[in-house]
Amino acid sequence: MSANFLDRLRALLLAISLAVAFAAPALAGPFEDAVAKFANDDFSDTDEAIGAVATSGNPLAFPIISALQDGRLSADPDTKKVFITQADGRVIDAATGAAVDKLPDNAAAVRLNNRLRRAVEAALGGLTLLSPDPAKRIAAAQSVFKSHEESALPVIDGALAKETNKSVKAAFAEARAAILLYKSDATEVEKLEAVAVVKARGDQEAMALLTGLGNDLPPNVARAAASAIASIQSNLAMWSMVQNAWYGLSLGSVLLLAAIGLAITFGVMGVINMAHGEMVMLGAYTTFVVQEVIRSNYPGLFDYSLLIAVPLAFLVAGAVGVLIERGIIRFLYGRPLETLLATWGLSLVLQQAVRTAFGPTNREVGNPSWMSGAFELGQITITYNRLWILCFTLAVFVILLAMLRYTALGLEMRAVTQNRRMAASMGIATSRVDALTFGLGSGIAGIAGVALSQIDNVSPNLGQSYIIDSFMVVVFGGVGNLWGTLVGAFTLGIANKFLEPVAGAVLGKIAILVLIILFIQKRPRGLFALKGRAVEA
Amino acid sequence: MTPHILTRSLDRSATVFLVVVAGLGVLIPLSNLLLPSGSALQVPTYLVALFGKYACYAILALSIDLIWGYCGILSLGHGAFFALGGYAMGMYLMRQIGSRGVYGNPILPDFMVFLNYPALPWYWHGFDMFWFAALMVVLVPGLLAFCFGWLAFRSRVTGVYLSIITQAMTYALLLAFFRNDFGFGGNNGLTDFKDILGFNVQADGTRAALFALSCLALIVAFLICRAVVTSKLGKVLIAIRDAESRTRFLGYRVESYKLFVFTLSACMAGVAGALYVPQVGIINPSEYAPGNSIEAVIWVAVGGRGTLVGAALGAVVVNYAKTYFTSGPLAPYWLFMLGALFILVTLLLPKGIVGTFNAWRESRKATEKANAESAALEDGVGEPKPAE
Amino acid sequence: MSVMEGRTTSALLYLDGVHVSFDGFHAINNLSLTLEPGEMRAIIGPNGAGKTTMMDIITGKTKPDEGTVLFDGMIDLTRLDETHIAELGIGRKFQKPTVFESQTIEDNLLLALNVDHSVKGTLFWRGSRDESERIDRVLETIRLTDARNRLAGSLSHGQKQWLEIGMLLAQDPKLLLVDEPVAGMTDVETHQTAELLKEINKEKTVMVVEHDMTFVRELGVKVTCLHEGTVLAEGTIDQVSSNERVIEVYLGR
Amino acid sequence: MVTKLTHDIATLSRRRWLAATAGLILGLAAFSNAKAQETIKVGVLHSLSGTMAISETTLKDTILFLIEEQNKKGGVLGKKLEPVVVDPASNWPLFAEKARELITKDKVSVVFGCWTSVSRKSVLPVFKELNSILFYPVQYEGEESERNVFYTGAAPNQQAIPAVDYLMKDEKVKRWVLAGTDYVYPRTTNKILEAYLKSKGVKQEDIMINYTPFGHSDWQTIVADIKKFGSAGKKTAVVSTINGDANVPFYKELGNQGIKATDIPVVAFSVGEEELAGIDTKPLLGHLAAWNYFQSIKSPENEKFIKAWQAYTKNPKRVTNDPMEAHVIGFEMWVKAVEKVKSTDPDKVIDALPGIEAKNLTGGTSKMLPNHHITKPVFIGEIKANGQFDVVWKTPGLVAGDAWSKELEGSKDLIGDWVGKKCGNYNTKINKCGGQGS
C-alpha cells in the first residue's frame, strides 16, 4: 500500500472526524483551486485534486468524487472549469454547485488510471463509513480492515456504538480489531481479543493481516497469533478441498453438457459424430446472433437473451443434425469408422463456413446480469455463471432422462437401441427415429453451445476443443447409458481439478488421458457397460 | 526373409507401382542435378523437396493401410508414431549442429541454452551418433506401439473404442511435447538443421539424395507390406478384419497378430517421419495433432483401403491437392474442398480410387468369364457373382 | 494350462452348477450336463433358453459367475480364453453362418487347418502336400470342390453353413459344437447335413443345438431340453417330446 | 404458360451460367496476362484457415490494403505491386513449403508473413537458403537476429520490461504473477522478467509462474490461485503472456470472480483491439496492455490510416492493432529501401534497409537498426468499456529493439549487427561472431 495513499486516508479520516465533531463550514479558496486541477489532464494533478477535495469537507466533495468514478466529471481544458453531469442529465459547475446550461463543446471526461481509481475508492470509502446504506458501510469497514489505519479508530468506535445492523456491526468490529492489532500502544488484552476476532473471520485476508504482524509483539499475543494462523490455515486447506470439488463439479458440468448430445448419437445410434463439436459451435453462434438482434432492436430484453437463445439453438443445431443424418449418415449405418471420417470432413466444412460467414475472429457474447459476478459461500467463491451452468446441465439431463423414459419417441429410441431389427419389425419407423434421435443429440449440443458461449470463446474453433474431451467422457462412462455419461463427466472433472493444483494444468490433463487409456483396458466398455449377448452382435 | 515371399508378393499392379516409384526415384534427382536450371525438363529443387514429402506421406499411408485395410484396426493416432520417428531424427540433426547454433554452444541445442538447461537431458545422449538415432527411429515408435497394443489388444479394445483411445494417445503426446519442460523444444520443436551425415541438408545434392532415399524406403515398405499381406499371415489378418471372433475360435491368438502388425506399422511410420524431418526442416508437436492422424487415414480411404498401391496413391493425390489449393485464388475455399472430399469419398467411393478401379475391372472380367462359362456348361454351383 | 489333479470324470465335457447372469437376468441357472466321448447330443429349447450362452461358456467367450466346466475330465475351461480352448480341440459353428466372406473357400479351409497358428508360423508359411490333400478331402466332403476359388461371400446361405462345417472338419477338433446347422436350408440339404453330422460323429464328439425337430429326430441321438438356463428334460427325442413340462414350455403360455 | 416461363428461366440461367463461365475463363486469362506484365511480386504468408486464422487473416488484409494504396501512388520503381497470397493453414511445415513456393515458383521479391514463433522458425532456413526477405510483424521472444528477416514487432525490451517498470513505479507492485501459455514466447519473456525483477530486488517467493496449455479454457483454479497469491498483503499484479484463444475465458473468469484492476491489475502482451472485440470489456475496465501502438492514439497519421482502412474493409467498426502497424512500418521501409537502391535484388535491399526510417502511426519515426529490429515507442493502455485502450503511460522517446536480451545469461554479451560485423550473434566480450564461443 502506498505511503502517499495512507497519508491521504489518514488526513481524510481526520477531516471526517473533525467534520463529525464540529460540523465545520466549508472554506472556499483552496477547494476551488483543487477542483481546477482536474482540468489539467495529468494523473498527478488529478491525484492531488482528489485528496484535496476529499479532505475539504465541502458538501460537493461526495458528488464530485462519485461523478469522477462514474466518468461523469468533465473538464474544459481552456477555461479550467470542471463540471458534474448529474444522474438526471443536468449539469452543474463542480466548484460552485451552480447550474450550467450545457457542457462546453471542448469539455472532456476526466481520465483515471488504476492508481487514481483506488484513490477514488478509498476516498469514497472514507466518505461512506457513516453512509445511510448498510452495504456501503460494510464496504467502507472492509477497506479500513485492509488498511488497518489507526486514525480511523475514533470514527469506527463512534460508529460501532451507534450501529444497529448486525452484519455492519461485525464488519466494524473486525475493522477495529485490525486497527488494534497494529496499534503499538494497544494493551495485551485488547490485542488478544483482536486476534480472536480476526481468527473468527478466518479468511484469506484475516490470514494476510496476521502474517503481516511484526516480530515485536508481546509473547502471549505472538503465540495467539501463531495458533490463529495455524487454525485459519487448516480451515482454509479444508475449504480449498471444497473449492476443488466445486471446480470439479463445474468442469464436470461443462464436460457433461458437451458430451450428453454425443451420448445420444453415439450411445443410442452408434454413430461417431466428429462434427458434434461444430453443433456446439452453431449453438454458440446462434446465441451471438440472438444477442446482436436484441442489442440493436430490443436492448431491454438483453437479460433474457439466453432464454431466447436456448430453444433457437436447439432448433438450429437440431435441424442441421437432421439434415446431416438424412444427407450423409443414413447411408453409412453399420460402417462406424466411415461415419467418423465423413463427419470429420463435415466438421471442416462447417468450421470454414462459419469462418466465412462470421469472420475468423472471436465474437462477443455478453453475460446477462444474472450470470455475472460471484458470491461467497464460506471461504469459497462461487461464480454465478458456473452455478447456472451446473443447474442448467442437470436440468437438461433430467429432462432428457424423462423424455427417454416417458415419451413415445423415447420409448422408440430405446427400442431401436436395444434391438434395431426387432424394433423395425414391430412397426417402428426406424429411419424416422434415427433422424429424430440424431436431431435430438445435435440439438442438445446446440444448447450446450449457448451455455459454453458464457465461459469460452465464440469462434469457429470452439467445437474442436471439446470433441476429444466429450468422447473421453462417453467412452469412460460407458456407451448407451446416460447415467454413465453423468458419472463419467463428473468423475473426470473432479479428478482433473484435484490433479491440477498438484501436477499443473498440462500434466494433470495428460495424466487424465493416460488414466482413461488404462481404464479402457480394464473395462473396455466403460464404467456402466451393458452386458450380455446383444452388445456383441 | 525368404525369396518365395518376395516372388509371391509381386503381382502386376505391384510391379507397375515399384517400377514407377523406382523410376521417379532415379529420374527426378538426376533431372534436378544434371539439367541446367530453368530448362523445361529440369525439376526445380522445391518440387524435389515437395515430392520427397509426398513419398514420406505415402509410407505413412502404407503403414495405416496395413493395419486398417488388412486388419481392421483403425488407428487415429498414427501421426504419433510418425512424429516420434521424426523427433528421433530431429534430435540427431540438432546434435549435428554442434557449435554452429546462434549461441555457439557445442553441446546444448539453442533452445536449451535460452531456457537455461545446465546440461543435456539424459535422453538426448547417444543421438549424436547416426546409428543410434536410426535405431531409435524404429525402436521408439515400435516400443510405444508394442506397449499400447499389448494393453489394448489383450483386453480386446476394438473398433471405435480403439480409434478413440489412439486419439487420446496422440493428444496426450501432443500436450506433453508442447511442454517446454519436456526437453524437446516445446511448441517451436526442433529446427534450423545444418548437416545430415556430414552433408548440408539444404544442398541440392542432399535434397535429391533424400528424395531418392525416400523412394527407396517407400519401395522397401511396400515390399514388406506386400510380403506380409500375401503370406498366410495376411490371410489371417483379413480373417481377423472380417470376423475376429471366428478367427479366435479357429485357434488363432488374435491379439498377437494385431500386436505384430500394429508394431510393424508403427515402425514404418517412424521411418517415414525420420525421412520427412530433414526434408521439411522442422519437427514440432503439431505433428501429434489428432486432426493430422485423421487426415492420414483419409488419404488411405481416398486411395483405396485394403489396396497398398491405393494407399500410397491416395497420400500423393490428397497432398498434391492440398499444395495446389492452398495457393492462389482458391486458397480461402480449400477447407471446403478437403471436407467435401472426405464426405464424398466415404459416401460415393467407399473403396477408394484403386479399389473402385479394381472392382470395375474384376466385374468386367467376371462377366466375360460368366458369358464364356454359361455358353459352355451349366455346372449348377450357382451363378458367379462379381466380388462383393 | 490349468489341469486338475487327476481325472475327476470320464466325461469329455462336464458342466456342473453353472450360473451366468447379465445385468440381473439369469441366462444360465444351475446348469449341469455331461457329454461322454464319442457321443452326439442334441440340445433343444425355446428362444432364450440359454443354448447359445452355454456354448459361449464352453468356448470361453463368456465366463460363468459360478460352476464347473471341465473338458477331458481335467481341464478347467472357465480359466481359458477362446484361442486356448480352440487349440485344445473344441470347434464351434455359429448360429449365424460366419465365414471369411472376402476370401476364397480354399483359403477359408486353409485358415481352419490345425497347423502352426503362431505369427511366425503363418508369416513364413509354405503350403505342404499334406495340407492341400486335407483341404481337398474336406472340399469333397462338403461338396464345394468346384467352387474352391470362389469368394466365400458369394455362396448361398446353405453353402455357407456347409463351409463352416467344413472349417470345423479342417480344424480337426475332439468336440464339435454346432449351433443351428440347418437354419435356412432346404429339406434335401437338411437331410444331407444330418448324414454329414452322423458321419462326423463316427470319429468325434458332437453337440448340436437345433430347433428343427425333424432334423433332431433324424439324428436319432440323446436330446437335452433347456429352459430358462437349466436342464428341463433329457432322454430320447420321444421321451423328451412327451414330457409334460416340455410340452408346457413349448406350447403353453 | 408456366412451363414456358420455367423454360425461359432455365435458358436464361443456363445462358447466364455460360456467360459467367466465359467471363471467369477470360478473367483468368486476363489475370495470367497481367502476370506477364512486369510487376513486383509481394508474398503474403499468413494463415487463412486453422487455429491461427483468427489473428493472421487481418494481417493478410493489411498487406493487400497497403499494396493497393501503393499502387494508387504509382507502385514502386514505376512498376505495380502484385500480391501473391497463399494459405499455410496454421500448419508449420506447410509454412516452409509455401515459403519455398513463393520464393522459387512465384519469384516474389519480399514476403510479409508469419505470426507464431514456430512458423518463423519453420520458414527461416528457407529464407536463408534461397536468400529472400521476410518481414515479421509480431512481438516475440527475441534471441534471434537473422540476415534475411526484419523484425518489426516488439522485442521483449520494447514491451515486457517497460510494462513491468510502469507497474513497479506507478502502481507500486511488489508481488508478481507471471502467467503464460506454455510456449517459447512466454517462457522466454518470463525468464527475462524473472531475471529483471530479481535484479530489482524482488524475492523469489514474491514471484509466481504459471503455464497453461494452448486454448486452456477452465481457469477457475488458476484465477483462484492468483487471488490467493494476491491477498498476502502486498500489491500484486499479473503479467500475462497468455496466448490468443485462452484469453477470453481467462478474462471472463477474472471478471466473474470479482478481481478488479484496482485490486490486481493484469498487464497483457498478447491482447489487443482485435482480441477485445470478442470480449465483453465492462468487467475488465482498467486492466492493462503494453503495445507499441493503440488504435486510440491521437495522431494525424493514425486517424488517416484508420479512416482509409475502414473504407477499404467497408466496415466502419473494423479495428486496427499493433501487428498491423508493424506491417505498415515494415512495408514502408521496404518500399523506401527498394527505391533507394532502385532494385528489388535481395542482397541490395537487405543492405539498404538498416538506417531506413519510416513514420509510425503514433506520430514518431521508426528506424531499422543494424540488428534488423526497429525503434518503437512503448505505450501502456488501460482497457476501456468500449473495447479500446486509454494510454496511461508511454516511454519518453523511442526504444531500440534488442535482438538479444541483456537479462539472460546465455545472451547478455551478444548483439546483432548486420552492418558492421555482418553477423547476428556478435559476442562483445570475445569480439567475434558465433555466439558464446567455446
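The letters A, B, C and D name the chains in turn, as written, and every chain counts its residues from 1.
Criterion: a contact is a pair of C-beta atoms (placed from the backbone, for glycine too) under 8 Å apart; a residue touches a chain by one contact, two chains touch by 3 or more.
Not measured: the values here are computed from a predicted model.
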Within the chain touch network, how many edges lie on the shortest path between chain C and chain D?
2
By CA centroid distance, what chain is farthest from chain B?
A
Dist(centroid_CA(chain B), centroid_CA(chain D)) in Å evaluates to 36
Which whole number of Å gives the spacing of the CA centres of chain A and chain C?
64
At what distance in angstrom does the C-alpha mean of chain B lie from that of chain A?
46
Round to the nearest whole Å and give the separation of the Cα centres of chain A and chain D.
30
Shared-interface residues of chain A (touching two or more other chains) are 352, 506, 509, 536
Shared interface positions of chain D, touching two or more other chains
48-49, 182, 211, 213
Pull out every residue in chain C that's touching 2 or more other chains.
61
Over in the complex, which chain B residues touch chain A? Could you list them?
74, 76, 148, 151-152, 154-161, 163-165, 167-169, 171-172, 175-176, 178-179, 245, 290, 294, 297-298, 301, 332-333, 335-336, 338-343, 346-347, 350
Residues on chain A engaged by chain D in the complex (per definition of touch):
1-2, 43, 111, 113-115, 117-118, 121, 204-205, 207-209, 211-212, 243-244, 247, 250-251, 254, 352, 355, 359-367, 372-374, 381, 383-386, 454-461, 465, 497, 500-501, 504-506, 509
Touching chain B in the complex, chain A uses residues 272, 274, 328, 331-332, 335-342, 344-349, 351-353, 356, 468, 471-472, 475, 506-507, 509-510, 513-514, 516-518, 520-522, 524-525, 536
Residue set of chain C touching chain B in the complex reads 59, 61, 81-83, 86-87, 91-92, 94, 98-103, 107, 110-112, 114, 117-119, 122-126, 146-147, 150-151, 153-156, 159, 167, 171
For a test of understanding, state which residues of chain D touch chain B in their complex under the given definition.
48-49, 84-89, 91-94, 96-98, 100-101, 104-105, 116-118, 121-122, 124-126, 128-129, 143-144, 182-184, 187-188, 191, 211, 213-214, 408-411, 414, 424-425, 427, 434-438
